[in-house]
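Chains here go by letter, A, B and C, matching the order in which they are written, and residues are numbered from 1 within each.
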Amino acid sequence: MITLASDFGSPYPAAMRGVLACKTNTRLHDVAHDLPRQDVRGSAFWLRFVLPEFPPAVHLAVVDPGVGTDRDAVVVVAGDHVLVGPDNGLLLPAARALANDQESVRAHAARVTDPVSETFHGRDVFAPLTAAVHEDGVVALRESGRLAPTDPVDLRLPDATRDNGAWHGQVLVVDDFGNTVTNVPGAAIDGVDRAWVNGMSTPTVRTFAEVSPGERLVTVGSHGYVECDVNRGRGDEAFGVAAGDTVVLHPGR
Amino acid sequence: MITLASDFGSPYPAAMRGVLACKTNTRLHDVAHDLPRQDVRGSAFWLRFVLPEFPPAVHLAVVDPGVGTDRDAVVVVAGDHVLVGPDNGLLLPAARALANDQESVRAHAARVTDPVSETFHGRDVFAPLTAAVHEDGVVALRESGRLAPTDPVDLRLPDATRDNGAWHGQVLVVDDFGNTVTNVPGAAIDGVDRAWVNGMSTPTVRTFAEVSPGERLVTVGSHGYVECDVNRGRGDEAFGVAAGDTVVLHPGR
Amino acid sequence: MITLASDFGSPYPAAMRGVLACKTNTRLHDVAHDLPRQDVRGSAFWLRFVLPEFPPAVHLAVVDPGVGTDRDAVVVVAGDHVLVGPDNGLLLPAARALANDQESVRAHAARVTDPVSETFHGRDVFAPLTAAVHEDGVVALRESGRLAPTDPVDLRLPDATRDNGAWHGQVLVVDDFGNTVTNVPGAAIDGVDRAWVNGMSTPTVRTFAEVSPGERLVTVGSHGYVECDVNRGRGDEAFGVAAGDTVVLHPGR
């Protein structure tokens, strides 16, 4: 099984599917091709959220602001899963989640040579490499010299910090509906009815319907983090925040 | 075969696909994940439109404004098809369309327990239940006690009424392109060249191209109902209506 | 293998998938269902870009401003591939790219009869025809009389012309991100640092990152043509052009 994820929109991902379908008969699952555009950190969050739900697979993921620069492709073995993509940290948070333990994450580099300007790396580099990993396996590709062990570019999603009862965090991603996912752990709002979010007193709820349409709320999302949302509205607009912005949350009354 | 439909946007549905791929090798078909958001009635319309085209399958569909409240999951057997989703009426119009006769629609409830706030019901409740229905069958799940017969929450799409030659109906859904699908039967405009729609005299056509770009038109859509559209424009804006709004149509001249 | 492409948005394409799944067990690959709406030429460009990446397949593609008018369906044999869609030129550029040589493109017509106004041609005409082509083959459909040789409506994407050092071309498509793909060949900007595009002096680059965010750039896309883009912005807005508009490019300084 191969999964595909990117920030390519449409119809570019179909070119990757075509290349894969030429080289392997395995099943292809699109994860998403509207990952946050050129946002490696936000995309890494979503991959970490989604990929662990899949059975062992080769996961192709491309969000690559550095395309055309001198960076390698990377193949990351994480437990029974293998991830393939640009060596920019994108795959590492998901890889650590997929591996049973940190030891089992091992990375290999594949040199990317870019002889012509019209190279589409998703189609011309990453899809063929993904098919080779799926069909031949990492060991064979190492023995053939196509892959070499590497110390990959790492990326760690930032942790929120706690200071005197207040949580200092960030917005990791904003989803399609304007729900803002922070890195403040859900436990922060355990047992409290309200929280101050960047100075705005906001009810903490389990379900959106506990507040009126258009009202702000704070809840714990299915990823386990605090979300700043609006019932039938956009949390990003109501709280005035975007991906990367600081969130200071005071649990309380 | 399993089909998936929801109003989850992206990338949440991939988590459901992953869970299903862990538990079954059957083929997965995405129907749509941009069903009208939190609009059970509009989403029920689309499911009734699309699902009857499929061969016998287990159909997972989740549009669930009541998530987190005390509602069960429901498994509806409809002829050779089975539908799985929240017990809020979403599945019933499609189930009646899929069943050869009304008698053959039978519903079973599965209790949803929601111990932790970060539950994502699509991933944690409905996808596993769908896989179990596909792999084990409804009979085995009844015998094991996981399912129990129930009288499900019903939903019927409203019928338009006729009064002194005028049709009183509603907009059921507005599609991606602003085409407004009403519940007025297509036969209402048989043999007439124009109709008054909420007071606006509008040509009745078979093809959009019969009017100039930007002009309003009334036609019969592939679902058999009257649509209020604009050639290369948005019908919802030109007619000033949204899903749920009243439409009064006078066939005539 | 069957691929599907259209400008239908969502959820209409699922009805085509359902019909196909009733009639064949082959794998279905969605190419894109947001092809440029009712834009046969722009959609033909994307099909020519994507379909050659696939292994031999039957390719269903529907972008059909003339739906409801008196036009046939067409089945185009192109090398080991077969394309199915409306006889409006949509398939021809991709067919020539898929065929090893021009001789091997052969077209067959299937009469479209449209007895009822609520016909959805994607679901009711093209999907069944595609399944028949896949399951029975073109030869059998010719022998049975369902297909007859035809001289299809042709479409050729326009070529840019060169006049006294300047290239006169057009915008073929604008992608999701506002990148404007022209028909000026990439070789036009070989070896030059800047180009004048409709009077705007613009750097020619290999990677977007060579200019600051928000700055205009000219580059060669993965299709081999000149694109007029903006780093982290919309090229169509910055250059003031849309699909079909004229682009005059002076390579130079």
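Annotations for the structure displayed:
FYI, a residue touches a chain if its C-beta (ideal position, glycine included) is under 8 Å from a C-beta of that chain, and two chains touch if they have at least 3 such contacts.
All values reported here derive from a predicted model rather than from experimental measurement.
Counting the residue numbers that touch the partner chain, chain A and chain B have less than half of them in common. In this entry, chain A maps onto chain C through a rotation of 120 degrees when their C-alpha atoms are superposed, rounded to the nearest 5. If each chain is reduced to the centroid of its CA atoms, chain A and chain B end up 31 Å from each other. Chain contacts: chain C has no residue touching two or more partner chains.
Only residues 9-12, 14-19, 21-22, 28, 37-38, 65-69, 117-120, 123-124 of chain C touch chain B when the two sit together in their complex. Chain C meets chain A in the complex at residues 1, 3, 5, 27, 29-32, 34-35, 46, 49-55, 175-177, 186, 206-209, 219-224, 232.
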